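In the two assemblies presented below, chain A is common to both, partnered first by chain B and then by chain C.
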Partner chain A sequence: MSDFEFKDPSESEEPQGSFVSRIGKGAVKDLITTVLRWRHADYRLLIGSSVLFVLVVFRIAAIFIDVDQLESYLDSDDSGGFRGGGAAKHVTKYCRAVPGLLLGNDRNGYSLAMTIVEAVEAFFEPAMLSCAIAILAGTLLGAVAGYFRGGLLESGIKLSLTVVAAYPRLILVIVAMGFFVAYMHDPGGAIRLRLTMMSTMLGVAYVPVLALAIYQKVGQFQREQFIEAARAHGLSDKRILLYHILLANCAPVIARHFFYLFGYFILVETSLSYLGPQYGVPGSMPSWGNLLAGCSKGDLFSPAVLAPAMAAITSILGLTFLGDAIGERFEKGRT
Partner chain B sequence: MKTAWLVGQKVGHFLAVLFLSSLVLAGLLWFSPGSPGKARDPMNFEGAVVDTTRVCITRTDCGVLRSVPTTPPKSVDVLFGDDLRTFPATDVVTQGGAAIDYDTVKLRQDAVCVGDECGVLTTYPAAGPRTVTVEVDGVLEEARAMDALAPGPGFLAWFGGVFWGGVFTWDIGPAYNGEPVLGLVMEGAKFTLPIVFGALLLAVVVGLLQVAFLTWLPFPSMRGVLRTAMLGLSTAPVFIIGYFMTKAGILPNPDVWWIAPLACIAILSLGDSNLGELLLQMEGEVRRLRSRDYIHAAGLRGASAFKHMLPGLVLPLSSIGAAKIAFLLGSVVIAEVIYSVPGLGELSLKAAVKPDPLLLVTITVFITAVVGLVALVRDLLEIAIDPRVRKAQEGG
Partner chain C sequence: MSAAAYAPAPGAILTARDVWVGVQVGNLIKPIVQGGRLTVPTGGILGLVGESGSGKTQFVRMVMGLSSLEPGVFSGSAIYKIGDTEPVDVLDQIQEFSPFRPPGVDELYPERQRIGWAWPLWRRRFRQRLALLRRLGVGFIFQNPVGALNPYLRVGSQLVEAVRVARPKANRAEAEEGALHWLAEVHLKADRHTLGLYPHELSGGMAQRVMIALALAGEPKFLVADEPTTGLDSHIRLEIVGLLNRIMGQGDLSGIVISHDLPMIARLCDRLAVMYRGRVVEEGPIEALGNLKSPNHPYTRELKERAEALAQGKHRRSGSERADAGGTGVVVGRGCIFRTRCGLYARAKAGSGILDTARCEGDLPALDHIAEGHEVACFAGTKLTEAATWEYGEADHD
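Here is the complex of A and B:
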């Protein structure tokens, strides 16, 4: 019998157990293999993806949550009465653990868990806008400067990027607030304008970082054989730059910086909201920053303090991990 | 000579970046509601020339003056027994029928007449609103003279004369609280700059110690765990670290002035990923240096690898530090507010809320100058240390 001849399983010399035992054996083997593989798994990718998934779920859930309509759990001494749309079940003080409420209540007596979910609204879309601005402008400027090297165009773009990079990002946001928002009749109420201004300024301030990364990438690819081959085939500069360099090879760089900037936006938004309603989002809108500030008189290790803080830290860390992992995993072998 | 040219280029680049960054800011300010180019001072009509002088009827609507201010008839109140009535001042005469001298006439004493009736004056002639006519975009508009505003300066006049001229003469103008802007900025810088440079120094020293520890660590698998733990800790925003520090009892104390700046240095060096990023970058640099042949050779000869690596670390460290300064100057805002340090960060937030655009622009340009100056020092250090830079210049 040759080595490759078909063998009837019934003729096999291996002991034949029951179906269940065979499944069990395979499952255990698979489990062991999986666990062993996990040793080599990129934990940053796992953590980052999980955080991103949770943020997206929170954002979708926030559509259906209106904290003002929730039951309020305030002591009558604190509030002068109950608030909110529903009837009060418990009487307790603010920023405290409440029986039946996950994480207790917040500074206004509302469910902290719900408020933390709704607070994702404060940064999700503005962060996306910020990323869109940075990606559009940064990719365009970096690609043009990197591809058309040695000319006035490159020098001009590099000088303008150096000028923008000289401004500290947070200072630029504060400048925009002072120039545009503070003159409004009701600066505290201009939530949309304030967040749009924050997004625009952070996006613009991040342009030099992304443009420099794209500039270096494009410079590296220009010496590659496939680019020379594309030129030899008579492809236009626009096509080579757009399809062969940016779309086919620079997507991981852009994705990496997208997650970095997303995380950085959370950092800035929560920081400014912590400082006060006149700097970040107004008090009427929940943010992880103002949730923490609102419970500043609470116990150090109470959920009201730890939950918003951990939410901010975990999100920023997860998004940074995700950016790092994408950069390391997908940018390798492309240079 | 070539080196001098190289240094000149770097200094020129620094000045160009500083000028352009202030120009961009001024441009941004010019299109904002608080633009200094908008009319805000009352108009003084002395010396105003019809058809020539520009006048604004609102902060943004300006035009050419078409008529000088005119005064409508003034009015006075005259009491006839118990009956108080108002008349134009020119209709009131003395009992002899002569015009009244309102500078000498006494209220409720001297008799005055209107037509056949006589009484006493109870008021002097009320000052009526003077009006002016201004042509705005081809349309004649009438406005009260007291509401008319003098046009603001042009962009170049403000940017070149008021702002940069003020910087050179050390008098830009008053801030929101009446104090000179430059004085306030310099006072704030006395707190902010030591905090920022102190935080950078602390982060570099702690980062280097961590790199040395991770390199020495005999269990390679532990390196990743420790590195990740440090990164996780460092990712905490400055405000959260500051919050926990204040809750832990590290609070600003008026009797011990250095607690607040030191706390700022500590949270700045650790938070906002500052320490984590420095650790990763420095570890990368050390790893790169350790793979160099001359370090291997030094190790084989029994010499200290660290001692040989140190000169090679100066330039990368200065580059990392120069890049970090801009970030730290942003984060310092949060730290200063938490610890009530009257530095540039706290001042910029006050200027943004008041709002005081001139102070905000001055602070930002100052910070940009510091960032540019640090980059310039780093470039000059590179020229001094790295012979390849000089040779590249000499080679054209």
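Here is the complex of A and C:
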């Protein structure tokens, strides 16, 4: 008979006592390994995608939220806000904590948290429109100028891009919005039109940035042997440009600039709305810039300033992180 | 010479004549191919040899329309006659549209000529003609297979695309079937896993096989292999040569093989062209390469001797090597471009040769018939047989 002795698993010496001791050293080791593994995780991707997720959730939530229909906690005499309506329930000083209201109330007396959520509406779709304009026009112009080098087409496109790029983007948008609003019949009314104008202007102002990036990338790839090989295999110029250069090789650049511009639009919208209703979003619409514009010096460290400011900073930073991380992932994953 | 003067050689799939290619160096245009000419018979394989920098790759690329240089080609003709189709000259009217004209007899560099804005238009026409050529069936195997595969696309996508060029009506599934077929043809594992690989996941030999599969997927009738075994180890090199031998030996495939590897050229090709400093100095049957006693241009003889020496494990330092070891396309002025390395010229200078040294120094020898289908650019001409006899004895005629 062998020396081997069967041992019933139920009789094994399991660690007894507390939970920690029961999960044993193996679990601690696993935990440490997991933490160490997380050390190599791309935090930019994690933060960026979380920010984007929150923005999307806020945008969906904003469909169901109408702050004007909520209770206002503003004293009826304190009519400093743009938006009226709602029955005043308590006499509260602006931007002070109100029992039952997360972050307190805004200057109109409405819930600040709800206003911040609803304010996503002011930039989400316009930012998408801006990105669409910049990507479509920028990619097309950059690709054409980069691929058909040495001709009038390239010279003309480069000249026009340089002229637009020479003007500071923010100033260009401010001037354009100023003119546009000044000639509007009802500046406070056509909010959607103003937002569309803003996104179009910013999209156009961003075209040279993307177009020049694509132009350089296409020019660089055109000298690569695989493009020469694609020609040798009989692919058409259109196919090489669209599939081999733009889709396969310029996708990281386009993805990166999409998120940069999304973040940049938030910055511009917040800045213009902060400057006043003649440039940005009218006061009748919730916006992070409007929330900041309504605060006085005394409110500097109150939630009414910190919350929208932090929301804007976090969003811009998160989207920039996301753009970088996705761009790098595209590039690293395949080479 | 006007464009109309060029005509395809009888029975040739490619006839290239007077091709000039240049690169811009500062304000000057440095010619790297000077009056290049080639004839590839239908169903024949031409080997193009020459040292590094002799311009063979650029010459063939220009003839194939794979211009990556500016100003690139600025003179010449490259007429393809594939099957029953009309001849296509990819360089048609190039001289009228090019901003440069070939240098005259006493000029070293080409001069700029006024063409206005016509050059981009010509390039467009050039690309259209090339697209036509690709549809007619012209394939290219690149020297650096990893660089010639798009790093961002899977092998499968690239193969499927190439299959669809040859068969535009094939749907995705049929094109994938085609891709698997061509993978099997080049002795790669024909499965979805291989199709899903990115180029950086391939070894050198695998990448070269994929490159060959890509060229074959277009179902070419004319195939160019540019140094297909460079950078591969000896085992893989043998496999690739065997593969190319099988591919080029089957059907009515014609083509050009560019290489430094003379044994490979001898195995794959029917004809041979030798380039030296941007000029074709010899074109003839491959038998002229295989036999040391056959009449050859002094430069071809030097190449053969070195290949023999390498094969026998000894290195013979020839007199010509002492004189000039470089070959980077430098224009040496009037006279024969090889004379500084030429053993026959050195012997004639010493007073015991078959060459007229004054002629070598004053004129540039043109390709001259020395036998049936054999041309050599040397003033010795038919006396080259005599020169071969001096060194190696009577030629074998069996």
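Details
One rule holds for everything that comes next: the second predicted complex is superposed on the first by the 281 of 335 C-alpha atoms of A that agree within 3 Å, B and C clash if a C-alpha of one lies under 4 Å from a C-alpha of the other, contacts with A are read in each partner's own complex, and residues count from 1 in each chain.
The rule is simple: a residue touches a chain if its C-beta (ideal position, glycine included) is under 8 Å from a C-beta of that chain, and two chains touch if they have at least 3 such contacts.
Computed from a predicted structure; not experimentally measured.
After overlaying the two complexes on the shared chain, residue contacts for A:Leu267 are found with chain B alone; chain C is out of touch. Partner contacting the larger number of chain A residues, of chain B and chain C: B.
Of the two partner chains placed by the overlay, neither chain B nor chain C lies in contact with A:Val57. In the superposed model, A:Gln278 makes contact with chain B only, not with chain C.
By the touch criterion defined above, A:Pro168 reaches chain B but does not reach chain C. In the overlay built on the shared chain, the residue A:His233 is in contact with chain C alone; chain B does not reach it. By the touch criterion defined above, A:Ile191 lies against neither chain B nor chain C after alignment on the C-alpha atoms of chain A. Legend: residue contacts after superposition of the two complexes on their common chain; A:Phe179 is shown touching chain B, with no touch to chain C.
Within chain A, not a single residue is touched by chain B in the first complex and by chain C in the second.
Within the complex formed with chain C, the chain A residues making contact are 148, 150-152, 223-226, 228-237, 239, 243-244, 248-249, 334-335. Across the interface of their complex, chain A is touched by residues 64-66, 68, 70, 117, 119-120, 123, 127, 130-131, 134-135, 138-140, 142, 144, 147-153, 161-162, 165-166, 198, 200, 211, 214-215, 217-218 of chain C. Those residues of chain A that touch chain B in the shared complex are 43, 159-160, 162-172, 174-180, 182-183, 267, 270-271, 274-275, 278-279, 289, 292, 296, 300, 305, 309, 312-313, 316-317, 320.
Here chain B touches chain A in the complex through residues 13, 16-18, 20-21, 24-25, 28-29, 32-34, 228, 231-232, 235-240, 243-244, 247-248, 272-273, 326-327, 329-331, 333-334, 337, 348-349, 351-357, 360-361, 363-364, 367-368, 371-372, going by the rule given at the top.
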